[in-house]
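What follows is a group of structures, each given as structure tokens.
In what comes next, chain A is part of two complexes: it sits with chain B in the first one and with chain C in the second one.
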Partner chain A sequence: MVTTSSSPLAPIPTSGATTEGSGAFQFPRLYSFPPFFNIQPVLSTRASQLASWSSLIQEYCRHHRIYTLTLVDALSTPLFNNSSLSRRLSLRDARAVIQWMTTTEGGNRAEWISAGNKKVKGEEGGEAGKCWIFWKKPEEWASALEEWVDRTGQKGVVLTLYEITESDATMKEEFYGMDPDLLSRSLSICVKRGKAQIFGGEGSEGVKFF
Partner chain B sequence: MFLHQLDLTTALRPSLLPEETLLFVQDAVGLYEGKFKIPQYQNGQAYLTSHRVCYVDNNEPRKNSVAIYLKDVERPDFYAGFLKSSAKITLFPKPLKQLSHGTSIASNPPERASPQRSLAPSPAPAPAPSPSATWVCPICSFSNPVPSNFDPATANARTPLPPCLACGITPPLVHVVKAAITAMSNRQPHGGPPPDYATAATAGSSAQVGTTGQGNISCPRCTFQNHASLNVCEICGASLHTMTDKRLDMAKGIERSESPGPSLPPSPAQDRIFECVKLSFRGGGEKIFFERLKNALVQRKWLLQSAPPIPKPRPSSGAFDDGYSSTGNQTPDDPDRKRVVGIAGLERRGLEQRKNNEAVIGTAFEDLEALMTSAKEVIALAEQFASQTNLGPNGSSEANVIASQSASALGLVTTKDMLGSGSESLYVSELSRNLAEYLTDDTRGILRKEGGIMTLVDLWAVFNRSRGGVELVSPADFEKAAQMWDKLKLPIRLRRFKSGLLVVQGRDRTDEKTVASLLAWLRELHAPSSSSEYTWDVTVYGRGVTAQETAERFGWSVGVANEELEMAEESGALCREQGLDGLRFWENWIINDPAQP
Partner chain C sequence: MVDRSRRTPGLSSLTTSRISSSQYASHGASLRNQNTQSLSTQLSVFQSLLHNFAVTHAKDIRANPAFRAEFARMCSAIGVDFLASSHHREKGKDGDAGSIWAQMLGGSVNDFYFNLGVLIVEECRSTRAENGGLISVSEVKKRIQRGRGIGGGMEVSDDDITRAVESLSPLGSCFSIMKLGHRSLIRSVPKDLNTDQSTVLEAIQVLGYVTVSMLQLNLSWERPRAVAVIEDLMTDSLVWVDTQAGENEYWSPAFIGAAGVGNG
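Showing the complex of A and B:
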């Protein structure tokens, strides 16, 4: 995926994994600053740089409705590769950024997915470096779902997971097209809070909010 | 007017007068006036130069430093020390009239106001060689008189020497110089007025008692007003100066009780009349000091300054002088010398000059003393040679220039034999001051040429080169000396970069200033001159610079540039970009993004 825009500040047309494609993503200006693609050795600068990267990744993923990133593949996407500047983040540096995002200092905005067992925190997300990007954390998703149910007066109604993420009714909601794994994770948080109940077996779960 | 204010160099050493050379340095020295310690002048370094004895205080060097001109010194006296009393050297001032004479060297001309000055006897005979001085002809051993106008201090190879009266052979210069010096030092004790007389004269002045406005001394017994230069009363024969001595003691006692210890702020210090000044050597070194002091007093280098330039004779055999201006006016002088023009003339001139050089070098190296007497010519010659060799294969490099200045720098350096008994720390601290002077010397501008900062290793190399191959400094001593800058509060500082690289820079150059100048430069690069080749917004971000560019821009060496950039990065002002074309440093927009509102 190669973009050919003349100015680094011009929006770069992208096609994310789960595209909604409403308008192009506006990169921050720092994105066109060459040293931004080098992880800085000096601590204070480094902290500031990592925070900038973190917010860039979150914004990018929110825009393109990306829930997981596979670093090996993502490195060639505009997110990590500024082709007009011919600068890209190296895999090592990208890992460092994500690693920082997984820490409390980085706001737990990412989580490695180990190759074998999903949802279990791996050290480095396997060789491919697969990870969750929480532009909304599961807790925040749970609140968003509760708020939606409350707003649309669907309390007590049994909803299928498909209904929540794919139906026309939720087209305008943020969780439209949400990753099923992330959805069930968010719903389980609702259950823990005592706001919902999950029925049914694997593949055909339903959920009731109250 | 015995103690003079002393000008110090940036390195807190006495700034030497022209022609003045440093002879000896000793630390842990205190000053006494008469029998009493002078407060605040109790721990310092004593510098013996060819013209002066200088005291530089360790704690308050700018305030409490004094110089004593050797020309004002009547005679030195040595006291070897006993039990807890340290060895001392006493300097007796010359009688007052003498003191106020010939102060062309002194920075402040003395005032001749106080009436008691007239107490002083007529000036001692000028230090011309006594007529009794003789030299013994090495050929026929006939005793010839040393010519009356012969001064060993100014004599050189060109001074005309009369041939032996008996055999007609011209003696070697050294021979006559030695003879004259011996004669002088023999004469020394008898030449001046008796020492106790000098003491009395000065003492009487501070006592004020018994002297009248006209400078007469009234006899304590019969009250007759005796002439100032008399020792005993003209009428009754009573001794006049035992009286003054006693009164002096009394007066002294009173003065002490009123103000314990004379405070010596610079201006009053010059008006004070000192009976004598003692240097107390608590750290040893007094013997060599005394030895060299005596030599300096005999040599009287200070006379050189006021002396008229030595007329340069032109012996008929070879042309002296530079040989360029001479052609015109030489013809009348030497009738036998034909006026030769053209290539033959040039060749002949060259030949004569070489002969002359040969003569100078020949006599100079005959003997160490002779070398000292003709040092000036030899240095001039060495410089001439140096400049000649530099003219050859592209001798334009700066190091060569510095090396060619080396001969003239000889007087500045501190060598190990100038210092007291094997005291390593004194050597190091003197070397340290020496280095600071060397670096801050504006005529050399070493530090300026290097962009205000240079590595210690480079400095070591340049410094040793400029010493001209003698008295080289070992790396260990050199580093120690550099470490001392901070302690001695000199205007130079040694800095250790993160990598361990040691650099030398002025004390006024702080990191903040360096960072500011780096940033100012980077901001200049925002100009959208050739922005087409850049893929980012040059007007916003400028561009990255390499250590190479920085070194060129600021005149630093690449190593230093690298360290300075990393220092600036460390401080958060810069950030780096490791690209294919090397490491580049940018303004740190990661922390202060200009695009952020």
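Showing the complex of A and C:
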């Protein structure tokens, strides 16, 4: 029996995550199924299980506006730890889920973040297992940003990155409070598409859509 | 009238017997005719009554699961299966196509069950990888009532689902209802469970999960037998393993959230 820290529904404290979640997150019914917390040995079952985990993680992160997960920390949060069942996903299994999400089969819904320059052998995303969770992929964020600029008639206007993610004007948008790294990555996709241009240097960037 | 017991000698007897037999025949024919007429009158009265009933209550039949079940029960009690009778479209004497029932009920009841059948097939297919093609009727009901997308979701009863699954049988598909303990399950894979497998699933349904030693103790099975059955069920995705409880526990995804699921 695994002893678990019983934490109530609290957003996962990760870097760049805003603690904004309206109402309690509605867990899927598999979440109350104890074997869900063991990666199944039978291949066909596992495939379906991984897909279910992937959608749970995406939905959870979308609900709590989480952009990155650090697995060692996240394991004790409700996402991976069902305290009422006393069941939790092990680090190894959680890695397997994220690893699957990074593949094309898993829809590229996650990406490991390498820890600095030091190479940790064999461990993706460093020892702590840090990764992006793309409940919207950078390309999808890029499209969302383009759509927003178009909708609000701000083409040709120079916007600061702060304005995009933190101002009152974008409070209702999905990218409000977005991770700055993910934002610049999405913006650079806009640039590649020829839809935007980035000005200024580190810390004081501005962007113009056209 | 000629007395038939009296045998008249000579040729005239031949004519008499011919006459009498033709008399009998015509009388019989008229009797049959009368019977048919009165029966067809009764039938048409019955049909029109049933038609009126169906038309008046069409809304209820479609909207109210309990009412629909009663209506279906009434139809089957008087020996009419409106699902079956709607399958063959026969050309009547007066050239009308379609079954009596499709005409009378405007096809709404039939269509209801066929639509429901399609939904059931969809649900079974989408969950097959997860549960190995075995899903409880109540779970399907929940999913269908929740519906998908906007405007989805409809009010159905267990009885409706059973009937709809039965209506799929002409497709020669492998969809069937199976009983396990007091629970009905829809099986959407053609594989038959053997007795041991059914026993284990039944135990899971009652207890929530089983372990190998539980099977050994309660069913006095040898360990290899219990292990083999569990492994078979695992291979077919019919049970999932939980390794976090000391001894491995085996759970069936067909019974998620069902009563009796306790905490190991």
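Here, the second predicted complex is superposed on the first by the 186 of 210 C-alpha atoms of A that agree within 3 Å, B and C clash if a C-alpha of one lies under 4 Å from a C-alpha of the other, contacts with A are read in each partner's own complex, and residues count from 1 in each chain.
The rule is simple: a residue touches a chain if its C-beta (ideal position, glycine included) is under 8 Å from a C-beta of that chain, and two chains touch if they have at least 3 such contacts.
As the structure is a computational prediction, the values presented were derived from the model and not from experiment.
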item: Clash or fit, chain B versus chain C on superposed chain A; value: clash
item: Contacts of A:A169 with chain B and chain C, given as first, second, both or neither; value: neither
item: Partner chain in contact with A:V42 - chain B first, chain C second, else both or neither; value: both
item: Partner chain in contact with A:S32 - chain B first, chain C second, else both or neither; value: both
item: Which of chain B and chain C A:L85 touches, first, second, both or neither; value: both
item: From 7-15, 25-33 or 241-249, the chain C stretch with C-alpha clashes against chain B; value: 241-249
item: Footprint overlap on chain A, where chain B in one structure and chain C in the other make contact; value: 29-30, 32-38, 40-42, 44-45, 48-49, 52, 84-86
item: Residues of chain C that touch chain A when the two form their complex; value: 129-130, 132, 209, 234-235, 237, 240-246, 249-251, 253, 256-257, 261, 263-264
item: Touching residues (chain side chain B, partner chain A) in the complex; value: 535-537, 540-541, 544, 569-570, 572, 575-579, 584, 586, 588-591, 593-596
item: Touching residues on chain A, where the partner in the complex is chain C; value: 1-2, 29-30, 32-38, 40-42, 44-45, 47-49, 52, 84-88
item: Partner chain B, residues of chain A touching it in the complex; value: 8-9, 28-30, 32-38, 40-42, 44-45, 48-49, 52, 84-86
